[in-house]
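Chains: A, B and C, in written order; residue numbering restarts at 1 for each.
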Amino acid sequence: MAGCCAGLAAFLFEYDTPRIVLIRSRKVGLMNRAVQLLILAYVIGWVFVWEKGYQETDSVVSSVTAKAKGVTVTNTSALGFRIWDVADYVIPAQEENSLFVMTNMIITMNQTQGLCPEVGSFSWKEPWTSRPLRPCLSAGCGPGPHGPCFHSFFFFQIPDKTNVPALLKAAENFTLLVKNNIWYPKFNFSKRNILSNITTTYLKSCIYDAITDPFCPIFRLGNIVANAGHSFQDMAVEGGIMGIQIKWNCNLDRAASLCLPKYSFRRLDTRDVDHNVSPGYNFRFAKYYNDLTGTEHRTLIKAYGIRFDIIVFGKAGKFDIIPTMINIGSGLALLGVATVLCDVIVLYCMKKKYYYREKKYKYVADYDQGLGSESDQ
Amino acid sequence: MAGCCAGLAAFLFEYDTPRIVLIRSRKVGLMNRAVQLLILAYVIGWVFVWEKGYQETDSVVSSVTAKAKGVTVTNTSALGFRIWDVADYVIPAQEENSLFVMTNMIITMNQTQGLCPEVGSFSWKEPWTSRPLRPCLSAGCGPGPHGPCFHSFFFFQIPDKTNVPALLKAAENFTLLVKNNIWYPKFNFSKRNILSNITTTYLKSCIYDAITDPFCPIFRLGNIVANAGHSFQDMAVEGGIMGIQIKWNCNLDRAASLCLPKYSFRRLDTRDVDHNVSPGYNFRFAKYYNDLTGTEHRTLIKAYGIRFDIIVFGKAGKFDIIPTMINIGSGLALLGVATVLCDVIVLYCMKKKYYYREKKYKYVADYDQGLGSESDQ
Amino acid sequence: MAGCCAGLAAFLFEYDTPRIVLIRSRKVGLMNRAVQLLILAYVIGWVFVWEKGYQETDSVVSSVTAKAKGVTVTNTSALGFRIWDVADYVIPAQEENSLFVMTNMIITMNQTQGLCPEVGSFSWKEPWTSRPLRPCLSAGCGPGPHGPCFHSFFFFQIPDKTNVPALLKAAENFTLLVKNNIWYPKFNFSKRNILSNITTTYLKSCIYDAITDPFCPIFRLGNIVANAGHSFQDMAVEGGIMGIQIKWNCNLDRAASLCLPKYSFRRLDTRDVDHNVSPGYNFRFAKYYNDLTGTEHRTLIKAYGIRFDIIVFGKAGKFDIIPTMINIGSGLALLGVATVLCDVIVLYCMKKKYYYREKKYKYVADYDQGLGSESDQ
């Protein structure tokens, strides 16, 4: 019991500090301070000030809506004068994070289900004539010579190759409104890309520009493609994918008003024809109709166009004690490197190394070997 | 060779430990232990127990399906009695991570392509009458007075302003089933939000409630909006975006059954009319029809409604040796701060500071300066 | 002033190093070196070489396009011979990150709005007959016995239960082309899953196989499901969700050509019928038609099928000075553990502990207690 109390008293009321040899040497002293200063400069300057090592980070959680605006007119032999508005060229009408604008197309009108042509085989889908069936589109034929296929009446098909220039080339002037709501869950911080200092009047007429209007959320389609270093008209022929990248890197130790979106643009598909399959961007969809007899007709559209993917990313940082302490701790441990380095110089490289070793080290042999080998200071 | 062996023997068979001055002083001893205890409490209590600093983390990878359910009836002068089911108000019928429920609309029926009216100009799309063309909707006119535009026959247009209250106000009672599959790739751990202890019988009739049914994956639309502090009827007029946030923060050192989803709701669009463009949420789409002559008609619908974005986020943590060692290492380094602090007190602030300095330091001058300046212990 | 100069000179031109006791003991020496070697092996072998602790990491940002290909023929009593191509079974025609292939369906054709049947109540949507109204589909009836509902003429409804086997069972042979563009923002590194050494000729005919063609981006639908350990035909009846997971774990300190995608497949929905609601995957959509009088008809389709979610994830690592220094620092601090451990053995466990304690410690009492209690070396 007394032993325990003595031990506890020794533990609580004694303070142990290492014994130090102070070597008065200009060379070594300066070198030691220089190395320590370097390590301190790294810890304070690089880790804390530049890389914000005292901050905890969180990734952004985002929600996006996109809306196109624009009207154009085309005049072709197959379709005549035709007007195209948002409901006609945005397919599908509504998506999250993405918006497809059709710029070119191959239309095959008025297809019906039928049988592939053989000698004399009658298609009960062609009441107008008893002529042999028109050949089906090869892509539409099922297996075998008598298999089902898609017939086309009234061949209003635009030639198999895509139009050059693109049919809806005026889409270059259409605009895209992007609304983005971001949230950092760890810090419960949320913000929108339509900033609170932007008025409705400004929003009704602005167009995004990296220099003059960097926070206007309305983008001209042609500018988006040009900013990525590509040609809209070139891209509109076979289609492609454009990325609208919104970066939200925020320092939440500062005012919330300094947390701002940064827009950049990048083409996501490749123009490389030699290492590609199905270049550009297109997909097929159909519009379905019924005639009086209830038979279903369809217009098959191979739609080429530009899909605008809105990609939101970024990190927020805010002061937190743990990364701060981790960096302080490892900085303190690194300061020990200065001592190790200078020890090596002092004890192994300098002329007086044996003298210094005498001062620093105290040799103690195994007790069994007697006291004779002790050399102490 | 002999030198190398001696050096190696010295390296392997010698153990070096710092020489220590043990100062018996109650004040300093207690202060030293107090600072060490504080640092230990921070490392063990805060870093390891509270913030789980011994764990490696991974972000969630998620897949979501959403399905609406509900039927309602409306009675308007333009459309008469009309029933609306899922196929009518969910547009598009299928999306990932998102589901749009139409609550209000402006319908312009039976539009055809035509020419804008001028004196006497005949539109070959109006066989019923030789009257001058009805004016096109201004939004539908291409450039120039004779440009193409969209005509509307049989004007069944609901007035230009959106309906108040919303047409499908009964959507407040519709329900939304959300199925969510999450995966933490680093730990190869996956789970679904429909937990294994929830029976099919329960699922057929439950509605989510934060207190009574926190794991029922079926949400009443009105409750979703109310939980975010907004009014469904108010939101249904011009539409909006609601976020259903599913948080999966899991401690994988515990049982897998404790890894549970936590639902929260947030309105993602803003009601702020002064700093907004195109408030609420709406988009245009069209249904296309052909008449006997093959001419295409369309019904243009400006759909207002609530888009429900299902946002899944979260982190999993599991014990890993590296973050553990990093935190232990920096904790050990921080313990050195106790020594630095107490050294400052003992060697510079206390009355016996010179005495203690004598005990701690051994001054060694440059050898060249002779032995005279040595003062040692 | 002189005091300041002296202090500064002392600070800059003095080098302090701890005084050391060197104990020549084979046992303790070897143990000390063994513990230090263990710590070094952990730091260098595990932290730096295996876990790449010298690297900063970044998460992938991704964009995906998916395109299906395949044609099949069905022959049913309700629909007769019918051919199905991409425009018929991919719904909606275009999505980001996801593609739905319809494999089975329940079709209810030619529905119109009407009134629910009561004795003698006339439906003005049935000009062909004055018979009492056919009963409405119960799901289609609004509240009350006279409420609106959906009528079906010409009952071409495939039975209420889904078809077994699935109607489009040949979808097993369809293929899916996946194009994926990834980007690591922190390192500004981007890449596509169609690698630069893959030729267009190869791409026109290859099918993904984990062993023989691991980088072909074209997947056979049946193989995707089989690779996840499930049966396509089984899944095609009631539908389901398949995940195509693309992992991009890249070491950017190596050549960019070594940054490659790794494909894996996982079923995301559950077959567990006892803890599930609405098993499989299905949704309803409608095709709308107008008749001569302008009345709208619709064909309601309950589409069952497999939705393929393309899930892209992964991390890139690149050398960075900060994580390197943090790990070096904590490694240095951990080396101190070797000293603590051996100190305990030497000072408390060995036979000569009191002897060693004499050599290591120098006891200093409070000055007030006189010099008598000093015991020094």
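Rule of thumb we're sticking to: a residue touches a chain if its C-beta (ideal position, glycine included) is under 8 Å from a C-beta of that chain, and two chains touch if they have at least 3 such contacts.
From a predicted model like this one, the values you see are computed outputs, not experimental measurements.
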Chains touching both chain B and chain C, listed by label: A
Same or different contact residues where chain B meets its copy chain A, judged by the half mark: different
Centre-to-centre distance between chain B and chain A (centres being mean Cα positions), rounded to whole Å: 16
In chain B, residues with contacts to at least two other chains: 16, 18-25, 59, 92, 95-96, 289, 292, 326-327, 329-330, 332-333, 359, 361-362
Contact footprint of chain C on chain B as seen in their complex: 11-25, 59, 61, 63, 65, 67, 71-73, 80-83, 85-88, 90, 92-96, 110, 154, 177, 179, 181, 183, 185, 190, 192, 194-200, 203-204, 217-218, 287, 289, 292, 297, 321-322, 325-330, 332-333, 351-352, 355-356, 359, 361-362, 377
Chain A contact footprint on chain B (complex, rising order): 16, 18-26, 28-33, 42, 46-47, 51, 53, 59, 91-92, 95-98, 100, 113, 115, 139-143, 147-150, 241, 243, 245, 247, 266, 268-270, 272-278, 281, 283-286, 288-290, 292, 294, 298, 300, 303, 307, 309, 311, 313, 326-327, 329-334, 336-337, 339, 342-343, 346, 359-367, 373, 376
